[in-house]
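These notes open a run of structures that come right after.
Here chain A shows up in two complexes: once beside chain B, once beside chain C.
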Partner chain A sequence: MRFLLRRLLQAIPTLLALSLVVFLTLDLVPGSAASAVLDDASSDAAKSLLCQQLSCDQPVLTRYVSYLGGLLHGEWGTSIRNGRPVFDEIMLRLPSTLALTVGAIAVAALVGGMLGSIAAAHQGTRWDTAITGVVSVAASLPSFWVALILVSIFALQLGWLPVFGSGSPRHYVIPVLSVAVALIPGITLLTRSSLLETRRQMFVVAAHARGIPQRAVFWRHIEPVAAIPIVSYIGVQAVHLVGSLVAIEVIFNLPGLGGLAVQAALDRDPFLLQGATLTIAVITFAILLVVDVLVMILDPRIANAPA
Partner chain B sequence: MKTTRAILLAVTALVLLTGVLTTGAQDNNVTMIVTRDPVSLDPQSTLDPGAPILLAYIYDTLVYQAEDGRILPSLAESWTVADDNLAITFDLAPGVVFSDGAPLNADAVVYTFQRLQEIGQRSLIYSDIMNVSAFEKLDDLSVRFHLIQPSATLLSALTYPYAGILNPAAVEAAGEAYGQQPVGSGPFVLDSWIPENTLTFVPNPLYGGHRPWTEAQTPPAIDKLTVVFSTDESARASALLANEADIAYFASGSQVSRFEGSADFRILESPGRALNFLGFNTGRAPFDNAAVRRAIGQLVNKDDVLLLAADGVGEVVNGPLPPTIFGYNPELDASAANYDPEAAAATLAEHGISPEHPVSISILTSTFPTFSAIATILQAELAAVGINAEINVLDFSAVREIAVAGDYDILITRYDWNDPDVLWRYLGTANQGNTNRYFYGNPDLDALLQQGQTAFDQDARFDIYAEAQRMILEDAPIIALYMPVTDVVVSNRLQGVSLLHSHVVLEDATLAP
Partner chain C sequence: MAARLSIRTLNGNLTRAHLPDVQVHLALPKRFLGAAIVLVVCLMALFAPQIVPGDPSQIDARSRLQAPSLEHPFGTDAFGRDLFRRVVHGAQPSLGVSVFAVALGAFPGILLGMMAGRRGRWLDHLLTQVMDAWIALPGVLLALLLAAVMGRSLVVLTLALGVGTIPMFYRVARAETLRIRSALYVEAAVSLGADSWRITRAHVLPNIASSMIVLCTVMVGRMLLATSALSFIGLGAPPPSPEWGGLLAEGRTHMHEAWWLMWFPGLIIALTTFGFYLLGNSVRDQQAGE
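For the complex of A and B:
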């Protein structure tokens, strides 16, 4: 428990630093909310209204402090483009981002784990060669390209799935698969090598020597140990994933946080950008926390290790 | 054996995951894909480029603009301008009602524009509406606008969907939520709206066919109009081909070519009231010299630019106004500097610019589609005559600020407006450092453009802008490139569809069984 608490405490300074960087960057880059959101024909009245809304006459640090103060009271601010509360905008998009991330990781872990296990079980055979060969090729395919190929097969040729949109679970099948394809190769190869390495270790040899059945040796002795690096790897990949779904979101028109953050940056929309980046950061921490817990369950020594 | 079974299992799981088979909707519903989702359907508070084409389904305006820029009657059957040009009286068509049955009368018109003056600071037409000192109800069907200064641009402003007439009771009842619960007098009403997903419109049962640009005298024949969004051109094209949609917008030609010669689709072209152009920083060398600017005009091969940057979707324009804006005059083409790279090189050499004596300049442009391609073509053309250009492509907001600061030599940009007064906006001395980012100031041109703002007589106005355009062509602070065209691809199962300023008119549409 102390370990988890420490992890949570570590998150706070990181989030603070991140939000400060976002605020300062938005202030330093050329361009402003007025020149981004308002049209050429907009009146001076509109500009001063917007300025008032953003307290643009105050120094950046003052604005930052008052933003943090608001955040403590659950006040996320409003988006300057549409005047809607930032919290609502994020809640509107969170489900899509979570569905895509969690779905892709689940599919990739399942398929990658299975392929890796098959390859390890049949090391050196045609199965092994075929699987490692195919995933090595798949590793070099960018997600958006896979997405276009899947669309042309399953939506255009076969007509089984919708081309884009976000109305139902069916809309998520192709996006989830496209993202998963990028994750599967790493998981497959790591599963394979981790299993092979664990199998050679002394405690496994000892287990076999004691006459424990093959299946039990695999599930009780090899698998928990081999899974540790795989779980950590998936965690790292997931962290990368959350922020990098923009291309897939655009192709399938999924309302996600990545696209929201990009639009907010282009609009120089400070509160919306803050809200989106902080939410992405919190998701990242949550994923890392889940990974830590899983690793702890797999290897109790970590929980009891000295700081 | 175990492995084979595992693989079979996996394949079965994947197939189950992909779900049941679907068939394209072949009922009486129309699905349209637009490029952006609107933020609000309150015409007065929205600046969203996604809104106007949808606002036109719900709202009617007093007057409308024909494709050639002329102003024609719509809700207002007629209008008269006072002798001193300081008042316009609109006579409303009788019998028009909102979709909830309330009458569209003088009270509604007065309410609409008073509200715009109060809350419409962000509206594109705010300045024009603020030029009205009072909206006076003369009787139930006539309203007089009293102007602070004579203004002919007001009529153009009133044709925008932002000037749609609101139903006072509906606005008051909905309060803050009005943008999500709009009520108008147009052919459709908003049925449902899932943010970031779909909007659904159904026919307005009380629509009596009062729109003069359509033939329909009854509510639309289609049952439902579903609007979905996609910023990705290839996804829009795929959705049409998969029968998931009937109408989609395309800004460039590369995806539209998938539908050329198709038996199932047709391509409608919607010329924009817009111009893509080069603007010079006339405040510093080398483009403080009109002869040098004109030489660049001769250097640019506009046909190449259109073909390479926009797949040929558009129309090359010589003068500062495209054919879709009032005042466009093809006779002016004679005064334009036509493509003549040799003459351009000679002129530039006279002014000390040649491959032997090169100069360095910067081209500034935004990430808007086609602009960076235009910049690259221009860069190559300039290099041939000894002008080494560095290209800076930045996002929209940064480009505006850098341009206003004057830290560039050539700006590749566009305007989008429905009145020739756009020339005042971009080239008037008073707008320097604001919308005039070219640091151009010409008192003779200012005088003409200000005359144009107050000339109600269409013939006189036309002549004024002809003279102004001649002056701009001569002095060349900007070089027109081409008028962008939006392609709208429509399924052939949908008949009777037309376009009005990129709004898809569905009043006369019917679906083949």
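For the complex of A and C:
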């Protein structure tokens, strides 16, 4: 419990720093938000009106503090492009991104864990060579390209799945698979090496010696210990996951945060971009936190460790 | 004591997981193959105009969307441009961004990592906290922010990706420095009264250099994937540029009728990344052997 609390408290200054960086990046640059939206042809009156709405006559820090206050109240500013509240816009798109993220991690953990276990169980055989060889090559495939290939095969040629867009779970099959492909190689190889390493430990030998059945030794003794580095690996990869996530959402026209952030960046829509970026960062943190808790459950020694 | 130890091992695992450690398990002459791929792509980046003369953006309305043939080995795109020429000319922007991004991240990252590892105490604490926060802002988001502020260009892309990799280099350089901190030759240098800068330059740097080179090589591959993904979604160079991610974005609009526009740029990205992974891996294998 204390461990969990400490991790939560650690996240606060990080998120604050992050929000400050995001705010300043979009603020301190030459050309205010007003001039980014309105081109040179617009009248000065229009500019100063917009400027007043954005209260850009006040010092940066004042605006940052009031922005921060707004964040806590769910007032995240309004989109300059379409005038809708940023908060609503983000909540509208959160489910899609969460579904994609959680789905991809789940699929990758399942497939990668299975492939890695098979390779470890048959170490040195053809199975092992085939699995490790294939995932080694798969590690260098760009996930958005994998997405395009999958679409051209399963959607265009065979017609099994819808092409682009959203609406039904079937629309998420190819996106989830493409994001998962980026994660599977690392998980497979780590599972394999972790299992091989754990299998040699003395407590496993002892379990075998006590006559515990193979299956029970594997699930009760080997698996939880071998899973620890894999779970931490998934957490760390969550940060890199964002990259493939954004591209995939754009390709498939999914109503997610990545696509929203890209659109906001190309439109130079500051509040929308701030909101989307921070939400993605919070999701990343949440994944890291869940991973920490899982690791703690798997390895009770950590929770009781001194700071 | 036991608890301490477990935290250590956990951190060890985390550091390992943080490494962009792409293990390549293949019964191939890794070093030869990796070096060959990297060499060919580098030659393409440096001497594209000599290899395939002509302007990569030259439009030829008569030869629109032609399938691969002897005349056009990779086919032509919707504007009749030769895809093979565009792919070869695209090596320069694609590889350029990746290499410069790695250089941009490696220099400050390794320097700070060595400082933190050498000094320890509050400097180490502070830097590690900052870097942990930094790593939560992925390069992609940074690229989005910078693109909104400075417009879309390859320079902005390089900057964003480079700044985003600093924590990665920091972590590994710090861990490596800590590993050799208590080595006898470092202690000997300290007892001889060498100053901190001299120890870092003459003892730490040469001893972590090889693993840093491996890291850089693998990171170039990783940056190539990131560069092409970001170019693909429109954050790289504007259209006429033959950057590989951009080529794929163009190919996507014609994926119904022209498979070659999608396959060849994608294959070259994958092959180049694979080449860098292989090369980095073969060097690491050799180090482990020693």
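Throughout what follows, the second predicted complex is superposed on the first by the 280 of 307 C-alpha atoms of A that agree within 3 Å, B and C clash if a C-alpha of one lies under 4 Å from a C-alpha of the other, contacts with A are read in each partner's own complex, and residues count from 1 in each chain.
By our rule, a contact is a pair of C-beta atoms (placed from the backbone, for glycine too) under 8 Å apart; a residue touches a chain by one contact, two chains touch by 3 or more.
Note that the coordinates shown come from a computational prediction; the quantities given were computed from them, not determined experimentally.
In the superposition on chain A, contact of A:189 is made with chain C only, not with chain B. Once chain A of one complex is fitted onto chain A of the other, the partner contacts of A:148 extend to both chain B and chain C.
Judged by the touch definition given at the top, the superposed model places A:253 against chain B, while chain C stays out of reach. Looking at the shared chain after the overlay, A:262 reaches chain C, while chain B stays out of its contact range.
Contact with chain C, but none with chain B, is seen for A:239 once the two complexes are overlaid on the shared chain.
Touch criterion met: A:295 reaches chain C, while chain B stays clear of it. In the superposed pair of complexes, A:93 makes contact with chain B only, with no contact to chain C.
Look at A:156: by the touch rule set out above, it reaches both chain B and chain C.
Contacts of A:22 after superposition on the shared chain: chain C is touched, whereas chain B is not.
In the superposition on the C-alpha atoms of chain A, the part of chain A touched by chain B in one complex and by chain C in the other spans residues 29, 148, 151-152, 156, 250-251, 266, 268. Against chain A, the residues of chain B that register as touching in their complex are 3, 6, 10, 17-19, 21-24, 39-40, 45, 47-48, 121-122, 124-127, 130, 194-198, 228-232, 234-235, 238-239, 241-244, 394-402, 404, 415, 417, 425, 435. Residue ranges on chain A touching chain B, taken from their complex, read 29-33, 35-43, 45-46, 49, 81-84, 92-93, 111, 114, 118, 121-122, 127, 148, 151-152, 154-156, 159-167, 169-170, 173, 250-253, 255, 266-268.
Chain A meets chain C in the complex at residues 13-14, 17-18, 21-22, 25-26, 29, 129, 132-133, 136-137, 139-145, 148-149, 151-152, 156, 185-186, 189-190, 193, 228-229, 232-233, 236-237, 239-240, 242-244, 246-247, 250-251, 261-262, 264-266, 268-270, 273, 277, 280-281, 284-285, 288, 295, 299, 301-302, 304-306. Those residues of chain C lying in contact with chain A across their complex are 2-4, 6-7, 10, 13-14, 16-18, 22-27, 132-133, 135-141, 144-150, 152, 221, 225-226, 228-230, 232-235, 248, 251-252, 255-256, 259, 262, 266, 269-271, 273-274, 277.
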